[in-house]
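Okay, so chain A shows up in both of these, paired with chain B first and chain C after.
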Partner chain A sequence: MNELERHVEKLFRHQPDTPETRELREEILSNLQAKREDLLAQGLDERAATEAAKRDIPSVDGLIDDQQTTNVERYRMACAQTVWLHCILFWIGTLPLLFTGYRWLGAVGLGLSVLSGVGYLLFWLIHPAMQGTRSLAGARRRKMIAWRIWGIFYAVAALSVAAVTFGSNLWYGTPVTIEGPYQWAVLASRFYVPLLTVLIPLTVSRFAALLPQYRVEG
Partner chain B sequence: MEEQTIHSDLIRGHIDAILLRILRDGDHYGYGLMKQVLTLSDGQYELKEPSLYTSLKRLEKQGSIESYWGDESQGGRRKYYRITPQGRAQYEEALAQWQWAKEIITKLLGGNDG
Partner chain C sequence: MKQKNIRIFLLMLVTFLAYWFLNYGVVAELQLRRSIYEHAQTSAYFHNIQEILPYRSPYLGDASNTGNLFYHLPLHQYPMTFAIEPETCTLTVHYDTAAKTTEQVRENLAYNTLAAMAAIDNLQCIQYEFQDGTYCITRQQVEERFDVPLSALLDDTEQWEKATQHEIFLETVLAEWFPMEIDAPCSSDSQQV
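Our next item is the complex of A and B:
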């Protein structure tokens, strides 16, 4: 794969795989190749010609129909299922905390799993037939925002834990002492608990990934 | 470069008609159209790729142009465009409108060749 092919690959990475986008992709690539050959013929070197060809098309977001006709009923069911699965994962994730001060999180995990399971079941029983349009770019944007917020949250949480745990050692210049496996477990759990919230951005990501699968042709 | 961005706003609304004019003289693929725009404007106006694809997509949807794939053996297939009778009519219409607008704007702005 040459550099232009890689560039086009990158442009289309988040686009749905439809006959329309495949055609546009092939068209853009062949035009970029023609442009590069033309610039080479004009005396530019390989590097400059490739860069110049890439520069003019930084994104294809505006070129692809963003509003997707979606089977909303099936899409929502898939989303509800995702929420349920992720609640169960959360619950499983809390099991190692059973012997720490965070054992109450296990109960929360179990509660959430049961609630979302019942919700999914109700959805499965009722599911009104529905079709509508959904924005693909909107779903990708929500995914990006969710990851950014979570990234900031975890950075702040981890730094606070580190500050509270090691702050006095730093201040007084005393060595950090962790005595035995229990101390280790307590320390690890302080960083581990906020990490469990990673399931929230993962859920939003999954919603974005599911959306193109519920496209209605026509 | 800055100067070109300001002036290109005046041209942007006419890209459809410009492409129709070029296709009237023969079929082209995307980069060929871009080259032709640059040549016809004596190197003063460069059509950007996003505007090109947006315009081609719109024209094809309207039925003013049709596309077909070439049979290049190397360097990837090229997508060619040809004008339809409806596209020719649209071009004539756009040209007439432009001439009318040009005359009036010149008068209103106090230019000399009104």
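Our next item is the complex of A and C:
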């Protein structure tokens, strides 16, 4: 893969793999190659010609119609299934906490798994056939926002836990003493509990990844 | 999608079984053992002396350490407050209960007295105040019963158990240190902590 092919690959990294995007990708690659040949003929060296050709098309966001005709019924079912699966993963994540003061989170995991499972089952039984348009860019934007919010949340939560746990040691300059594996587990659980919320941005990311799979052709 | 549904359902089933086993099997068993152990810590006959070793101190003046010591000894389940009289190195433990209604109070007081005097080197006298009277015991009275310095008893757990948790020790010292008839308060000239 040469430099221009890598550039085009990068441009289409977040685009769905559809006949239209494949065609556009080929077209952009041949245009860039032609541009580079042209610049080489004008006397530029190979590196400068490649860089100039890459600068010509820095993004394809404006070239792709991001409104996608979608089988909304099946897409929603896939999203509901994802929620159900992620609730079970959350529940699995709470199992080690049964040995700590966060034992109640196991019951929360059980409740969420059962509720989301029942919700999915109802959706499975009552699913009106529906088609509609969905924005791929909108789904990507929601994914990005979800990760940013979660990143900020976790940073604040982890810093708060660190401040509460080690604040007095830092303030008075006393050594931190953690005795035995149980104390380590209790300390780790304080950082681990907010980490479990990572399933929220993962769910939103999965929604964005599922959308192109439910595209209706024509 | 149906295949995936079956796989997810199986995953949920396995998770449920793991949750049930851990929550109602392993964790419940651990909690039961913990509660049995904690109950044992309320009796002089079964108390684990290792619990108080972190609170050994040469001085009585560290009120927080002294409080923690008593919170890890029998009778810790009863509400108590402490007072220290620095001039005479006297510790007053005030229990918000009557001695006659407190379970195995004399045995536990005998055990606590020896543990506290072994753990705090300059503790000369302990007063146990109850709603119905006060017991006073001095270091001299305790030391008379042992050939070794009291603090040395805590250096070896086996030696400690031989010396204290044998019923003979508790029974023989009870009549002398903690008679059935409880006295009137010994002194009230102490500093509350």
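What we mean here is this: the second predicted complex is superposed on the first by the 218 of 218 C-alpha atoms of A that agree within 3 Å, B and C clash if a C-alpha of one lies under 4 Å from a C-alpha of the other, contacts with A are read in each partner's own complex, and residues count from 1 in each chain.
As a working rule, a residue touches a chain if its C-beta (ideal position, glycine included) is under 8 Å from a C-beta of that chain, and two chains touch if they have at least 3 such contacts.
Computed from a predicted structure; not experimentally measured.
Superposition note: with chain A as the common reference, chain B and chain C can be accommodated side by side. Look at A:Glu46: by the touch rule set out above, it reaches neither chain B nor chain C.
Contact with neither chain B nor chain C is seen for A:Glu9 once the two complexes are overlaid on the shared chain. In the superposition on chain A, A:Leu98 makes contact with chain C only, while chain B stays out of contact range. Draw one line from the C-alpha centre of chain A to that of chain B and another to that of chain C; the angle between them is 160°, to the nearest 10.
When both complexes are overlaid on chain A, the residue A:Lys35 reaches chain B alone and has no touch with chain C. Judged by the touch definition given at the top, the superposed model places A:Leu63 against chain B, while chain C stays out of reach. When the two complexes are overlaid on their common chain A, residue A:Glu23 makes contact with chain B while staying clear of chain C. Superposition on chain A leaves chain B and chain C with their closest Cα atoms 37 Å from each other. No residue of chain A contacts both chain B in one complex and chain C in the other.
Contact residues on chain A toward chain B in their complex (touch as defined above): 23-24, 26-35, 37-38, 56-57, 59-60, 62-63. Residues of chain C that touch chain A in their complex: 1, 4-5, 8-9, 11-12, 15-16, 18-19, 22-23, 26-27, 30.
Interface residues of chain A, counted against chain C in their complex, comprise 77-78, 81, 84-85, 88, 91-92, 95, 98-99, 103, 106, 109-110, 113, 117, 124.
Across the interface of their complex, chain A is touched by residues 29-32, 34-35, 48-50, 53-54, 57, 72, 75-79 of chain B.
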